[in-house]
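First chain written, first letter: the chains are A, B, C and D, and each begins at residue 1.
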């Protein structure tokens, strides 16, 4: 309410109480002021009540919510279902306009403000996470096809990218710098569109040698794009990018919103060390876009605050150490070992050698069993590059190397993982390995053996 | 947002759009200003967005939502479940304070404002509905036991009320004025605590003769309380009260929130023509009360607006005429008749004489069958004062008269009833009567005969 | 979805995934089954998703949500505003029926189930909290007037209760057992309606001597009602009741929902050691009641689980010790002392002697200053029985004793209090006491001294 | 609840009421069964309660909501903010999987089901809207850049599309078929990638001659893509597509979700007459996508039902006639005319000749004035191809023809438009034209002349 309405209220309820209410309102306004002025993630998270107050204020500024609006265009932000209107906080017009996703939408001052603020807050958080030199970002409401997670590649004029295989160093699969340079020279630097590297990959693969690749790209004057899919959550990955940009050339790095910020699937951030480059990318989007991913990430970051997000990052790191310890212990109990992939700060791999030896089918069976027992996200990779995800076997899919010396199982310590997740996973994995060693596969295992009601059984 | 924050926003999004947003915000503020200034139900209903904006503003003024609050009392409006907090719009402190339900609660300026405004808006709506002289009301968060729906009675010093039976006039059961006066004289007017009359009753009973009773109460100086349970929806009932208060004495009349305003069960309005009397009643409530019924009724009336509510009243009246026509037609088709109870503006009764004659059990069976077929609210009253509600038979319950000459079935045209309700009810009643005439009772009726999926079958 | 719909879904999405979905659904069903079978608070709290699933299922069973319903009664659970319908989870019909709040409502099987389960879960939790012998409870949707918080009293045939003053024992004000017995004999035991005692009171008052009072009530055959307003949160208070019931006579004890279960204001639990007595009380409620308080408490207890609630109780107890330590430290720094009221497990009092000596107005000024600084719930009690709450001075209000030897300030460790609350309160109290000693009262204090934006300033 | 839980409930609440509740639940299940079996938009819209019940059921099937789930992958559908989780109905995993947006996501059976059903329901609605022969669709969570709204063009090997200007026929700008064929022959049919036509355009442009273009594409064996941006709402546009596909070649047609289905901005439907082609397109999306647009459109279509959607289409058509009548009347009153563009079923244009003559700046001023008066969606197009949208002047933007003979103003009758919109727009336009004729421009107009609070002023 404005000050006039507060004054009138003093005639209805004692003035001293109303004034305290006005003062209380100012506290919220003050938080909003700081956000608008600084465009940064607040140190302390906002209460849900401040967040919703702010979103309601934004919605009021969009033309579809004007009390006196009359719409005679073909796109007026009308909504047929009140369930739908409500879940979007009545922000209906989307963001951007024809030809620029970052442009201001005249029919929607509130959504435009939301868009600008979200980009600004996300930029602040990415810097905080380690990309100190970062200059600009663009939030895309979808995962862009340019930036698919392949091993370090070269995009040449040939139709499909040229993949350069990794080198096996100890247990780790890591960038073969010499091979990359050889390939650039072979293709001719002037015909190379860009080098595409990655920070986010499943062990035993480890992040690319970004610093060296960046220096190489600078030397040959080749654009360099980094797939940082879920790397924001790891200070190591962010540091790699920061170092690459300092020492050489990184044009942009791309990350998923959901993987790093605990929001629903559906958006990506394209970040870069050059403002004009990012502005060009934001103009590549052909029209207005959904405001939904921006809304999710803004709510989340305002609610967490910088401190809340840092706490999540810290806990993730600690859980990585815990998970590594637990996997090592379990592996040793089953005659296996935790692969030594210390350059990968998120994903871990445990060998499945002895399982393979006993029973060639057991490795794929393990995948199915884990799926049935509601362990989600564990990947089983048999010899020869198959992979079992969600109980299904994919042959030759995602094999980073054609000939990794042993089958293995992946687990990851991703943002939001809890001690409970690790404990449950270890317990179920232990049970599965035990029954496989006894020769009881998924088919033979009786119903009493399968976790029909996992939360109650365990 | 306050004007300062709008100014800062102009640096982020084009000033002209932000200014339009500010202007849009003022439209909402303007509606709130009118409400605060006049305390009346707005002519046109508010959009849900204005309603929620306003409720959020109120919540911000309550101490449990102060960003800097620290609570060291035994009652601080803390809420354990965010589902609960949200569903109450974070208005947790309730209304009133020890000793007065209408008092301002120092910890909750917002809830106090809500309480005052709701009472004021409801007062306005009751006047609009016909109680022109109304002076004050008090919204109680429960149905008060004083005001149970009995036939016109006299509360004497005896332990239980003295009930004066109605007279049969034509088909109608109506106040026996002579018997009431006789009873007053017999008990001695000075020992009579109050006369309790009613506007809301099931046909063939009709509203009490309020004008005459009011004059009688004035003459003998006896307080007069009217049970107007669901009478706000009928201009006839409201007119009776208005006339009674004009010509004689009515101290208070009581109505349910849910029955008149389409809100959940749980509140009552005590209305009166003397402010001090109502203030005394509001001080009878022993402590803070739930704000939930006030919240429901305020949301509802702001959303409907005066025009929306008037439209509902008008439609109800038209549906009464429609329902009467349909029941008459159906009754005649089955050798029965619509009882002539024109003084009752809401409830109708149809005789079940010929059904009774064929099969003495059929009347109670009809009640069960209607219940099974998802006709809710229809009452079947057999001879001898039994009643079948919801498939169960209550003997001697609610028999307004010990010896009504025929069994009958009640239906009512209450606020919110639709053509669909009437059509479905008539179709199902027709089917039930047909099968009962064929001698097929509820037990014998095969499953194909019962409406297991009524919405799809019909 | 039922099993048929799961089967059809297998044709759309791979059968193995659908089956896993079905299994997942069963986990929720299993939790619901346990609740229905045992009627107890689940050990572990439910996820919000299970809670909402369950509430939706209940709503589906109420006639107002029947897809094929047609309503022709005067009370059909119609709701005009979708905001209102949604916030009540579409449970509109309330609970109980004419003449019994615990009765099943034929139009609302879901709401009736809600009502029964809530009562059962609350009974379980009260037993868990210490009332082991408890037999039955009744949840009332309002605070009942019978049970107002007075000092230990006797309800006699006289119009108002006879209050028996407390005795000063050390710093504590405590039941004067001899005076109570003298008064009973004086009035004649047969003319005493009941004895009313309390566990919940502000220090320096302490809970009544329940065991001795209970024995006395048994001896004289007098009903005994205990006001346990916010005592469920204290094992000491619950133990007092349990001991009283074991050794003597306690007919019922009454507690507020909001004060003990962190829900909005608006309901009370009447608990007793005799089922018929409680059933009688539940029949005293004259009609259907709001389901809103039941809904709040059920959501809260299912979400917390028994373990969550126990944790809250444990934390409250620890915070009491912490608060006492902090108040003692602060008091000593200002030449005051923490009153020695160890029998009161929730409320604490700190003397304000030296403040009074310097400036007779300072004590009431302190109350105003605390209010302005958003310290809510602190009470200042000057000499002569005044009290300052929310910045206002009430003369003679709530003075448990006419002549307590010193002025004092109350703070309480109530359920949900945090370390932050205590720290903020101590800091602000310290500041206020400092400025009052310097002779700077609330009026003189400049704006820079008042906490206009407490969360940001501190 | 499953049948077991219903049985247990019968011990708590009377069996007959519980059985009625079970029956009521079956009605909802029955609706869901029909949807699953037929994959069609239900005839009658579902109640919000059925919709939410169904969405909750879907959410329960996703692994992030499994009570016993333990997540050890990098993407587990964890959500930091409960506001975010709730607004997505806890459907977090998105839809599709690497390499196919239509693929089933193993971690999310519920979201996968949602995805399949939404596509199926949308396919049904598009057929209902006129594309009878439609074979498959793919819902994209963003507007695809391939399908930008240009005048009929040819995508050749040249970097940018070759635009073929329209012909002026009467007032209409319409496809120049001869010029298109000439251009194809000139470029060589084998080097043409596709022809891109459109149904949705601002008057005085009218939909392309789809039938003739389709025949031409078949003759030259060239793919044909139609931009049907907001054409689903018009039976004429849909008929054009249907005829084109019947007589010649249409490979795909693309439409926005928000423009046709009254949902928030953010999704598009790619529809086609060949299943393999659409499947190929759905595989072009590089990863998992947001489920948010699918969720919005499914909620909307289930709530509306086929009948509700048809009613909206019918009303839109009637409003077109009404709008045309009103614009003609207003135009004639101001010495202008409604342009004769009967082939455009949605957009209308009114000449601004006499305005231009009086004052060359008045035309652009009109745009600003309309914006300030909260008329959204009206476009003003001055001579020379400028355009005023939202108060800003764009030079040379969107000029379909370089030299349209007169300046004009556009209004459209789009889905959801109301009589109120038309009336307000006409009143405000009339006022603006009057003040411009008086020589009062936006700057000179006093505040009393500008609609600061349109809803209250008018």
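Criterion: contacts are C-beta pairs under 8 Å (C-beta built on N, C-alpha and C of every residue); 3 or more make two chains touch, one makes a residue touch a chain.
Owing to the predicted nature of the structure, the values given are computational and were not obtained by experimental measurement.
*Asks:* Considering only mean CA positions as chain centres, point out the chain farthest from subunit C.
*Replies:* Here the answer is chain D, farthest from subunit C.
*Asks:* Comparing the two chain pairs, does A-D have more C-beta contacts than B-D, or is it the other way round?
*Replies:* A-D
*Asks:* Once you find the CA centre of subunit B and the CA centre of subunit D, what distance in Å lies between them?
*Replies:* One centre to the other, that is 44 Å.
*Asks:* Please work out the Cα centroid separation of subunit C and subunit D, and write it as a whole number of Å.
*Replies:* Measuring from centre to centre gives 53 Å for this pair.
*Asks:* Taking the mean of the C-alpha atoms as each chain's centre, how many Å separate subunit A from subunit D?
*Replies:* It comes to 30 Å between the two C-alpha centres.
*Asks:* Specify, in ascending order, the residues of subunit D that touch 2 or more different other chains.
*Replies:* 17, 20, 24, 26-27, 48, 52, 63, 66-68, 82, 106, 371, 374, 390-391, 453-456
*Asks:* Enumerate the contact residues on subunit B facing subunit D in the complex.
*Replies:* Those in contact with subunit D are residues 16-17, 20, 23-24, 26-27, 30, 82, 371-372, 374, 390-391, 452-456.
*Asks:* Subunit C touches which residues of subunit B in the complex?
*Replies:* Within the complex, subunit B contacts subunit C at residues 48, 51-52, 63, 66-84, 87-89, 91-95, 106-107, 141-145, 147-148, 200, 229-230, 256, 258-259, 261-267, 284-293, 296, 299-300, 303-304, 312, 323, 346-347, 371, 374-379, 389-392, 411-412, 414-417, 420-422, 424-425, 428, 451, 453-458.
*Asks:* Tell me, which parts of subunit B touch subunit A in their complex?
*Replies:* 1-2, 4-5, 8-9, 12-14, 17-18, 20-22, 24-29, 31-33, 36-37, 39, 47-50, 52-54, 56-57, 59-63, 65-68, 82, 86, 90, 104, 106, 109-110, 112-113, 116-117
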